[in-house]
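Heads up, the next two complexes both have subunit A, just with different partners, subunit B and then subunit C.
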Partner chain A sequence: MKEELRLVCLVKFVPDVDAFSYDFAHNQLNRNYVRMILNPDDACALAFALQVKKTYPSTRLEVVTMAPRSVEHHMLDLLRLHVDGGYMLTDPLFAGSDTYATTTILSSFLSQLSYDCILTGTRSLDGATSHVPSQLAEALGLDHMQDISRIDLESIKRQRPECTVEYEEETVTYAMDMPAILSLTRTSGYKLPYIAYEDFEKDVSDRLTFITHEQLECSPAAIGFSGSLTHVVDTFAQEHERRNRTIVQSDEAGIEYVYAFLKKRGYM
Partner chain B sequence: MKHVLVVQDTDCFANSKNLLALTQLMYDAGTYHVSLLALQKDVEDAEGYFHQIITAPESLYEMMHLAGICDVIEHLQKAHQFTSILIPATHTGRMLAPRLARRLHTGLVADVHEVQQRESTLMMIRTAYAGNLMAGITAVGDGPMMMSVHPDSFSYNQSPDVYTSIQDYDGPIPSTSTLRIVRREKKRVSYDIRKSDILISGGGGVTRYFPILHQLADALGGVVSASRKLVDQGLAPRSIQVGQSGKFVSPRLYIALGINGAIQHVEGLQDIETIIAVNTNVQAPICSLSDIVVEGDAKDFIEKLLARIHNTPHTHEGDT
Partner chain C sequence: MISFSIYHDIEFTKTVSAVENWEECVKNQEIIALLQEVLTPDQINTKEEDLYDASADRYKKYAKARHVLDVPMPTAIVYPKNTEEISRLLRLCNTHQINVIPRAGKTATEGGLENWKDETIILDALHLSHIINIDTYNMQATVQAGVPLQMLEDELRPLGFTTGHSPQSKPVAKYGGLVATRSIGQFSTYYGAIEDMVVGLECVFPDGQICRIKNVPRRSGGPDIRHIAIGNEGTLCYITEVTVKIFTFYPENNRFYGYLIKDVDTGIKVLREVVVNGFFPSVARTYSEEDAAQHFYHFHRGKCVLLFMAEGPKGIVDATCEAIERAVELHKDGIIEQVDSALIENWFNNLNWSQQDIDDEFEGMKEHDAHSGFTTEISADWETIPKIYHNVMKRIKEEYPRAHDLTMLGGHSSHSYINGTNMYFVYNYDIHCAPQDEMRVYHHPLQKIIVEETLKLGGSMCHHHGIGKYRNEWTRSEHGSAYYMLEKLKQAFDPNGIMNFGTIYYQEEGHKFQQ
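Then we have the complex of A and B:
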């Protein structure tokens, strides 16, 4: 058994898309005042990593994100949860990267780090492609599992994590050697702790390192928009069929209306 | 001649076959040839639909050895120069497709559910921002066009009418995997919400009493489904989730209880005969798409409608 377990948690900060509202009457999406949040699946991964660290205090936990500098304060808050170190991959050259180019950047950085396990979320709220963890597994030559709803804590320490995935008709538990990439889902229910009161104003900036493309072994042509192999050429709102609705109350007359409707249409 | 590779959906053969409808939208008739990469040996159903079936060693799928499956496709790609590779967006497909795209140094579009020709370029359409917007995406670069395809997005109803050649893959598989299955447990209750004519569906407005939806479903001979909000809160399994990140459903009757109607949810409602929304807010987006809107509390509605169905007077909790 190794003395120190080294975990890397890969996270993304995303727009809180659930706060988007949609006006079906005018086919307009209202994106005003939407804040950035830690991607919920990634939050579960970090919450699990913190559980590991709490159980095995010699664990070293580092958080990695590729993000613009504007989310620095979010990263500092994660470091206040007793995360040992954070890396922000920040460079204007990274802008416009699709999942392929993002993987090029992240794999280039991660290959410089020492780790036993990379924990991350399965889907991001904004893109929800689930591409990056699988592509990283390919680029780094690691085994990978996603949609994980539970990881056996002790198995992590044994360097062969056992993780459970819920399928339609069965629950399957997989095991694999470390290093590996494990992607969790929100249904895992792992919850991030709150920042302790005494840590609210704690200066943790010395634990945050900024990484630019110059520190990575990837050419500018392989990253950003120019390194992307897919391009978004259009975005639009889907038209939905509006119906001539009848509005009733949940009172005797309304229930009778619904009951008669169901009978007449043969649903009962 | 274009050459398309379809990777088998091991959960449901129809999903593999339905990708033939997608190829018809991509290429003109007679200008393409479709091969199926079978991950399981039982491929009789596929004969007559695909021009070629190539069977990979079954152990690769059984052991979830995705790098090994990439070895197979990489080798086949060198031999066949596929124009496009289509992968069903199942749990396995969602992990396989990105790995393969990386291996082949090609772009990948996820969860495609529509394609459109834009001038001379194929635009692949998927949802973005949790289903709040649609995005049209094109592939650039020299590699094959790759997409994972949302199940239920395409339907192929033609009879099998092509000659199918079958061959076993016997090329190299240099990758290794340490992944093993430790346990499998059958779930006690499972049903497919796509097969029911009547869905009683719950959202954020019924978090405190989601189980009582089953009573209404039983009374109407339907089953219960849920919005993403309930699934994320652990109140309902993902297998009964309706929407872009869940399942596309087409019941005759859809009763939406306490569901707001985010786009990602509405995307999952296809060709539904009747929608009844029960909501305290008649301005909720789902209400614009409904035939009947019942303004009120969903629990109260369920209890009163059940009482009417059973022809017994409704009594409030606490009434004596």
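Then we have the complex of A and C:
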């Protein structure tokens, strides 16, 4: 067994879509109060990594994210969970990167790190970007397994993680060679620990490193808007059909109206 | 778990987790034996589940749901059946230095029902559940302390009357608690708060003395002694019966107004304009953008909201509506648009919290690292309230180290008076700490900022929730030199300090629970 296991956890901060509210009167999404949260699948990956570290204290765990500076607070909180180090890939030149350019940036940085395994989430709340880990695996020459619902703790220490993937018809356990990229799903149920009370005020900023494009071996032309083959032609809010509104009271007449409405449409 | 069944039919099942608690356990048995001198076995509840529930109120709702409360469980919950039994119980507790926590509807939010003593009995108003008299000629109703507000309201409505009292806890709250905590209802600007409604009451002091304050329209027989009982939060006496005013109900005249407005300041100015000109809509409210977003998701559009409900005889409603329209016109620069009054009416009809809502939140907290948020309510004069609001917002955003966890921070003014109004700060957050640390990481620091800013500018730190146990560190600052009077009341009526230890009055011994 290897003495020191080196894990990298790749995470993304996404808008809290559950907090979106919808303006039915004007058929539009209210984005004013949208907050950023740790992508749930990524949180499960980090939670598993922390379990590994807790079980095998010699494990070195680092967290990597590509994000604007505004999520620095969230990264510091991850470090307060006893993550050894964090890297924030932050640069105005990164803005507008499609998944391919994002992969270019991430792979450029990850190739500078030493690791046995990259853990991440399978899906992202904020869009169809779940192919990034696969693209990264391709770029880094690693094997990749996604939709993992469980990883045998001891097997990862043996450098041959046994990963359980649940398909519609069956559950399959794969043994992987490391280094590899392992993508977990939130169905895994791995839960982040709480920050200990005494750690809330702890200054962990010395463990957070900001990375700009100057520290990466990738041309500005290959990243951001200019490096993105996906061009956004237009952005628009999804149009919704305007519906007539009927307000009823919580009285007998209101209950009767709702009952008749549901019955007419076959719900009752 | 140690289970005793040596005293008649009482099975005492309070958990004993360590040998050193043995002495406490014996004391608790002795207390049960003493209680049996006054009560029958079915009036003494020592079920562990109920004792745990009685250990804390909604202040530590999250820790309670997660079963990590750090306060002792009371010895027993007792259910006296009449005033004489209460008198005997209080005299007994006074003699034996047993802490007593009076309880009625269990909707306290500031720790007033939390237990900080190893030997405590909860005096529950369960059996004081009778409406004694509804007198529609003299416009007053007399009820026992355990009568639910909703029960009296339901009796009055078919007769064409209303209590005029409608706190959000209306479906659950009971009169003893409402009076003991100086409760206020959502229609207070028209009907007044509970202290404006109580015309007389009966209460029992720790030495067993039963006092009845008669029901008259007014008196000048010295200081108004009703106010020794009203708002005492169970620290001076136990309220057994109250007589309240009732009001003629005119629901057919109700009219609603709603507006999107530029800012909180505009809303406060409009509220003031209406009220200082002598008009009292039953509801007059201004919401910040954030608070409006959680209440009026279907129309707020990211703006502040101003709303009114005019209630009463038609002539008064018409005049009040004219006054509202005039005030809005006067401040039209801050008004963005009027909203459909049906939306406001519908919202009001679904505002109250039922027991089911409370239970649902409790169940949700067991599973998720979240709850439905907290509030801190303060009051000040018209000129000061916007300053407090802005100071609090600024300090929280600039100073509070977990500001990035806040999912909601805002406020609304909901109860107005000729000389000022209240501000109900509301906030919620993502919880990243262990359940037992939640209050000290999140709620306490936020509440501290609100209280400090309020007291600094001369406002009151507690508009209608009472002081409870978690604002008692500021009770002296709240009252200033008048604290002398408050302190003397405690010394006079509860010299042995058996009434609701830690509530209102700061106690060094209880400080560990506030950390």
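The rule we apply is simple: the second predicted complex is superposed on the first by the 228 of 268 C-alpha atoms of A that agree within 3 Å, B and C clash if a C-alpha of one lies under 4 Å from a C-alpha of the other, contacts with A are read in each partner's own complex, and residues count from 1 in each chain.
As a convention for this text, a residue touches a chain if its C-beta (ideal position, glycine included) is under 8 Å from a C-beta of that chain, and two chains touch if they have at least 3 such contacts.
Because the structure is a prediction, the values reported are computed rather than measured.
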**Prompt:** Between subunit B (first) and subunit C (second), which, if any, makes contact with A:Ser228: first, second, both or neither?
**Reply:** first
**Prompt:** Where does A:Phe109 make contact in the superposed view: on subunit B (first), on subunit C (second), on both, or on neither?
**Reply:** neither
**Prompt:** Which one hits more subunit A residues, subunit B or subunit C?
**Reply:** B
**Asked** A:Ser250 contacts which: subunit B (first), subunit C (second), both, neither?
**Response** both
**Message:** Contact-wise, after the overlay, does A:Phe210 reach subunit B, subunit C, both or neither (first, second, both, neither)?
**Reply:** neither
**Request:** May I ask you to decide whether A:Tyr56 touches subunit B, subunit C, both, or neither, giving the answer as first, second, both or neither?
**Result:** neither
**Complete:** subunit A residues where the subunit B and subunit C footprints coincide 22-25, 247, 249-250
**Message:** For a test of understanding, state which residues of subunit C touch subunit A in their complex under the given definition.
**Reply:** 289-290, 293, 297-299, 301-302, 342-343, 346, 349-350, 401-402, 404, 407, 430, 432-434, 437, 440-441
**Request:** Using the touch rule from the top, collect the residues of subunit B that touch subunit A in their complex.
**Result:** 11, 64, 66-67, 70, 91, 94-99, 101-103, 105-111, 118, 123, 127-130, 132-141, 143, 177-187, 190, 192, 198, 220, 231-232, 234, 237-239, 245, 252-253, 261-263, 266-267, 273-276, 278, 282, 285, 287-297, 300-301, 304-305, 308-309
**Request:** Report the residues of subunit A in contact with subunit B in the complex, numbered from low to high.
**Result:** 15, 17-18, 20, 22-25, 29, 40, 98-100, 103, 123, 125-135, 137-139, 143-147, 162, 165-177, 180, 186-187, 189, 228-238, 240-252, 254-259, 261-262, 265, 267-268
**Item:** Parts of subunit A lying in touch with subunit C, wherever the complex brings them together
**Value:** 16, 19, 21-26, 30, 32-33, 35, 37, 73-74, 77, 194-197, 200-201, 247, 249-250
